[in-house]
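Chain naming follows the written order as A, B, C and D, and within any one chain the residues start at number 1.
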Amino acid sequence: MTLTYPLAHALGAVMLLCAFAMLSQRRLAALISLYQIEAITLTAAAFWQGFAQHEINLYLTGLITLIIKAVLAPIALRRIVHHFNLIRAVETAMPVGLSMILGVALIGIAVLVVLPITVNAVTLTREDLAISLSIVLLGLLVMTTRRNALSQVIGFLSTENGLVLAAIGMPGMPFVAELSVALLVLVAFLVVGVFVFRIREHFDTLDLKGIEAIERRGR
Amino acid sequence: MSAATLAIAIPLLAAPVIALIGAPLTGARANLCVTVLVFLITLAVFASPGAGLIHADSLGVIFGILTGFIALTTAVQNIAFVRAEQSHGSARRWRVYHAMCQIMLGTTLMGLYADNIGLLWVAVEGATIAATLGVSLPRTATALEAAWKYFVLGGVGIALALFGTMLTYLAAQPALGPGLTAMSLSALAANAGHLDGALMTLAFVFLLFGYGTKAALVPLHGWLPDAYAEGPAPLTTTLSGPMLNVALIAILRFRHLMQANFAAGGAALQPGPFLLTLGLASLLLTGLSLARRRDARRFFGFSSIEHSGLAVFAFGIGGATAIFAGLLHMILHTLIKSALFQALIRGAALRGGGAPGNYGFSHLRGMLATNKYLGWALGACVFALVGLPPSGLFVTEFLIVSQTIQRAPLLSLPLGLGLLLCAVAIIRNIGPLVFDPPPAGTVAIPAGRGVGLVVLHLAAVLLLAFAMPPALVLALSGIAAGLQ
Amino acid sequence: MVACRVVESLTLALGLPGQGMHLGLDPLTFLFLLILAPQITAAAIAGEARSPTFWAFVLGMVTALLAADAFTLIFGFELMSAASWLLVLRGDRRPATLYVAIALFSGACLVPAVFLPPGGLAFILILLGAGAKAGLAPIHAWLPRAHPAPAAAISAIMSGGMVKVALYVIIRYAFIVLGGSAQPWWGMVLVLAGAASVLIGALRAMLEVELKTLLACSTVEHVGLIAIGLGIALRAKAAGDPALAELALQAALLCAVAHGLFKPLLFLGAGAVKHATGTTSLDWLGGLLRGMPRLGGLMLVGAAGMAALPLGPGFAPEFLLLHTVIAAAATGGIVARIGFAALLAILGLAAALALGAAIRLIGIGFLGRPRTLRAAAAEEADRPTLTAMTLLAVCAIPVALLPGLLLLLIQPVIAQLVPGAAPLRLGYAPLPLALLMAAAAAAAMLALRRFGARGERQVPAWNGGFGRPPVWLPFGDPKTQPGGTGFAEPVWRALGIPILRHAGADPGELYLFTPIARLHFRLTRLAERIRRATIRQRLAFVFAALVLFLLALGLGQNG
Amino acid sequence: MAALDLLLRLLATILHAALVFALAPLVLGLVATLRARLLGRRGPPPLQPYLTLVKLIRKTTLVPDNATEFYPVWPYLAFAPIAAAALLVPGFCAGLLTAGLSDIITIIGLLALSRAAIILAGLETGFGFGGAGAARDILFGIFAEAALLVTVLTFVLIAHSPTVDGIAAAFRDNHIGIQVSLGFALAATFMVALTETGRIPVDNPAGHLELAMVHEAMLLEYSGKNLALFEATAMLRLTVWMSLIATIFCPFGIGRAVDILSWPAGLALWLIKLAALSSGLAVFELSSAKMRIFRVPEFLGVAILLGLLSAVFLFLAQRIGS
């Protein structure tokens, strides 16, 4: 059992690193590959937690994450990028340096918030909670600092990964949670897909400028 | 198979079946039949509330009946709406629309009756996705933009709510141990004192943001005005009213966990300040945003944000009377708002169908000239929102302000300012909406029995506010004392 | 009045869930119901009986008066505001929003006030809430805009009755509910507000051209007079001087009774003039007495009340108030005494301005030559209006000729408000005065008939040698006639410009309503910028709020 | 004894009434004659006002064709209050039958009622001059009434009695002596009296220049009996103001109605006071010229300030005294 915690921490740390790296990426393709690495690490963490807690549904969750998030999602994202030939750089709403500093501040806040929690849950230590909270906050930061609709979606999916990481760490969490998270990803993906093609018909571009122009007209 | 589970299952199962019906009108009639059945079952839920995952407590029963009633009257109005609108949009679109109506009803009832915080979260998520699809139905650029905004903001809110749910489960470990019991609301409420206070506070913040987004509290309200203004009106405005109540009740329940934990000396912080901040922000920002709206549905969407803010403020103040006032306020506001939107839909239908631009104030002005009864009913509904005496909201606002004075005197200043701003901005529109000369070429048209339902709603509001039956008074004060 | 000795209390099933509404009757309520009764019957006779909103308005006022608990009082108060708002809205839409904003503001002040512990803050809030509704300075500028809007009978009730209900709330709380903890400075605040209302109301009444706006401004002045009476009474009661308090209360309550009679009379008259000539602007009227003799006579009675001339209904309250201020000037510190002396000067100014306004109303409006064809062709007012006005005039006679008797009727109310006050004898006896004047007039008439020359000759008026007016101006060149604006021009130059600035805007509007409106505009523009934020910016709002809350949480727990 | 007192007071009142109505035209005539004599002119005989009244009564009354039915009412409504006021203000002896009624505020009200009647008479026919005169009279009235009320405060507080009768008795009996506040009050009352009676600095009673006239402008449309009444009202008003000032500010020697022996002395002193005031008025009128219309508000503003000053000094004296 001595190996359980340190390995879980390591996988969590890798995922945190990917989420943090997303902040600095300028190109969509790099963003998608970072997301893929994060998804694969999540699958490994799920399998490892399954092994540590001898829970069958954790293996099942790991499998679903592998199929949907690690394989299908990146393929679909790459096809969209290819379809709209969006290889060019993603302009960020905030200078990269500033968003990096904000990222660090967010991780600091996550740690500050988690410190007073004294519960000594079997598998999930305070550090694990801090890591998953940080990934969620970083995902949100990615969403708020990107103007491109697709990069916002990837930020959203990174937040989902943070959630699943937290869910895996919960001891004896009923299966319902994981299934619904997976469901969410699936449906979200579907809906996003539908939107993207709709937006395509109307604005000929994935960039949110078209949509933002409508809002500025004001109603 | 308890009545509560039945009430949830029927609409969810009926949704795919109705989606198969080709003709929009038959779809609307089927939708009405299912809704009537569901309403009768919600009345029966009082007898068999069910156990385990689906267990309706008295709060759930009352709001379940309210949701059933609203869905019923909306379904009745829906037939006239569909008859006027079926020329726009493809048949496929109407099938999706009626399916979404049923899913919205089913998920709302699940949100009310669920005893499991995970199931509650799934219900709220399902309702968000159904509403998002509903908003995107008209396929116009503005509808798409509103739907995208709804999805992004709603998705983020849902994610935060899930994280909060997981943290609540984790905080329940020391008291309830692993497994399903740690996620049961009644179990959590029973031994709230033994939860891990610090973790529960963190969970509460995420839950407040998650369900706050669904309840459209400022600054999480971004999606509501545009969602209300786009999409087929009965789905996006009338049916989504009860959904706000589900989120507000969730916030109330989690607030109780925090308050009980704090009272029992746990490490949890007082939930009051969080709720008061969001409530006041909602009141003041909507008060200012209402002043310049030109579209009726967006205008009354903002008014819904104001009333959610007022309810959350009442919960933030705390104490049995304030919570009683908050709950009564939610009931009365839902009745008034749905009556108002139904009247607007009838008005727009009489003024040449529900095309997107049809809900503008300048287009709907002078309703009295089109139909006398509808004009007065519309005026009465808008007036009821304001809180001047003949309207029921006067009672609840009176109670909330009196409790604020006694418990947090300094907060009565921003509260009074917010209420004043909103009331003036709303009442300003009655003049043009009802009494102004109508646009050129409008001719008087009999409105049919739609107006009767609107008047029924207003009568229910007056009865509940001024002459509430003693049984309901006991039930509601029991709930309020329980959730103190 | 004996009937109201016993304090009945009645609980209705309606009201707050589980608590119901409580009604009660005591001398103060009975007096104010007595003030409302003639007006409401007159308005009903004048043709308002059929409109349900009117009866809701009356129900609101009566509930507010009969209320024995805070919820019922504010319920009645706001119901009265709501019903009158709808009537204003149906009359003229422009002032309706300002009117309802003031009504909501007064509600927003009263609800907290009734729940605060008895003390200065509660009184100030009551004063703000009820004072705003009564048209007490500084929140008075809305009254001349809103009261002329609805039909004449409704503005009669609004000016005559609704203002009194608002003052009733001030009396109920200042003397009874918060009576125990009353401070002398409460009275001074009321007196200051009253003095400002009197000055601005009287001045604007003299300068306004529209008849109904003129009457509304005169209402502001009379509210000021009543407030001064109440203020001095409150200060005297707090300082332990029941005699002065009683004299002041007699002045205030008698002024309320008198104003409640002649103001509705004038408003009904103004409505009849508008119906007959299609306008209420003094510059377009003139010579109405020829076409509408009975209306002219009744308006003369009302104008006598408004001008507070002896033998008129308005003189007894003015008489008592002046004596109250003189007596008050003999008490208190040196600054208070000088203040009361200055107040006496203001009251003198206002009395003369009111006299001027009344004379202008009758002289320009009814006497002289018609300035327009419609004024020349005006027929007598219709029967219901005349009957209603006659009813009010008949009720005004006892107030004019038997004020002593009326003060006896008011005595129980004063005993309730200021316990331990010995009844005072009134120094003004109109009947012997009337006899004296009648004797003098009869003597003069006899002498002139005995020695004077018989017969009179109808001749064209001399008019300082002007020739006969040209054919196309049958009523003479309007330029050579004194008009409404022309008549007030000297007062405008002497007093209007220094106080009302050149734009003629009411100080209450210039320094209170306009700045608030400008601030509201700027705030809504800011809110508009927030509403027009893009999706990303809205996400940023959510994210920033979440981070802030987490920070607060972290500091809260670790701090 | 009470019956005897009542009889004596009734006798005194009747005597007072007769004297006031008889002397009024004489006072006006005296002022006019003195003015002329001081200018070195022979001037009209003192009895000229009587002759004017008789002349007017004998003339036929001309009524303008567009006059309303209130046209003949205004003269009586103007005359009656002044006559009542004349009966209220004590002349040669205090304690008349009408003493109870003679409240200072009632007297101010009666004067205002008479002024209102004259103004309405001016507006009656709706011609330019009447309107202009009325507007000016209203303007003067506003400031005059404010000044009057402030001065009233002073002597009501000193004498501790609201009625003129009481004030006269108090000033006569407990020898108030010369007080600074009473000095200011006298000046203010004098200025108000000049405005109310329409004497030189405010309005030229003798002049007929339409642009400048105030009181006369309102009576242009009246003739015969009606004009006679208005003239009588003007004369009575002058006498009322003079006896008001005499009674309040130099009350020494006023008799008591019940004590018949004091009547002759009171009567003599009253006549002397009236003559002194008339000559004072004549001298003052010669020494000053008529002001522009819009200078009068400042003139009366000074009167208001004087009234306030008298009140301030009164409070100071009371504070030091009590």
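One rule holds in what follows: a residue touches a chain if its C-beta (ideal position, glycine included) is under 8 Å from a C-beta of that chain, and two chains touch if they have at least 3 such contacts.
For clarity, every value in this text was computed on a predicted model and none was experimentally measured.
**Q** Which chains are shared contacts of subunit B and subunit C?
**A** Intersection of subunit B and subunit C contact lists gives A.
**Q** Sort the chain pairs by how many C-beta pairs are in contact and tell me the top one.
**A** Per chain pair, the contact count peaks at C-D.
**Q** Going by C-alpha centroids, which chain is farthest from subunit B? Tell me that one.
**A** D
**Q** Between subunit A and subunit D, what distance separates the C-alpha centroids? Give it in angstrom.
**A** Once rounded, the distance between the two centres reads 99 Å.
**Q** Suppose each chain is reduced to the average of its Cα coordinates; what separation in Å results between subunit C and subunit D?
**A** 34
**Q** In angstrom, rounded to a whole number, how far apart do the mean CA points of subunit A and subunit C lie?
**A** A distance of 69 Å separates the two centres.
**Q** How many angstrom between the C-alpha centroids of subunit B and subunit A?
**A** Result: the chain centres lie 31 Å from each other.
**Q** Subunit D: which residues touch two or more other chains?
**A** none
**Q** List, in ascending order, every residue of subunit C touching at least 2 other chains.
**A** Answer for subunit C, listing residues that touch two or more other chains: 528, 531, 533, 535, 539, 546, 550, 553, 557.
**Q** Going by the contact rule already set, what residues in subunit B reach two or more other chains?
**A** 148, 152, 156, 160, 198, 202, 267
**Q** Which chains are in touch, pair by pair?
**A** Chains touch in the following pairs: A-B, A-C, B-C, C-D.
**Q** With touch defined as at the start, can you tell me which subunit C residues reach subunit A in the complex?
**A** Checking each residue of subunit C against subunit A gives 528, 531-536, 539-540, 543, 546-547, 550-551, 553-554, 557-558.
**Q** Using the touch rule from the top, collect the residues of subunit C that touch subunit D in their complex.
**A** 286-287, 289-290, 293, 296, 307-311, 315, 318-319, 322-323, 326, 329-330, 334, 337-338, 341-342, 344-349, 351-353, 355-356, 358-360, 362-364, 366-369, 427-429, 432-433, 436-438, 440-441, 444-445, 448, 451-464, 466, 476, 480-482, 486-491, 493-495
**Q** For subunit A, which residues count as touching subunit B in their complex?
**A** The contact residues of subunit A facing subunit B are 113-114, 116-119, 121, 124, 129, 133, 136, 140, 143, 149, 152, 156, 159-160, 162-163, 166-167, 170-174, 176-177, 180-181, 184, 187-188, 191-192, 194-195, 198-199, 202, 211, 214-215, 219.
**Q** Which subunit B residues qualify as touching subunit A in the complex?
**A** It comes out as residues 116, 118-119, 121-122, 125, 129, 132-133, 136, 139, 141-142, 144-145, 147-148, 151-152, 155-156, 158-160, 162-163, 165-167, 169-171, 173-174, 177-180, 183, 196, 198-199, 202, 229, 267, 294-295, 298.
**Q** Taking the complex as given, what residues does subunit C use to touch subunit B?
**A** 13-18, 56, 60, 71, 74-76, 78-79, 81-82, 85, 89-90, 93, 96-97, 100-101, 103-105, 107-109, 111-112, 114-116, 520, 523-524, 526-528, 530-531, 533, 535, 538-539, 541-542, 544-546, 549-550, 553, 556-557
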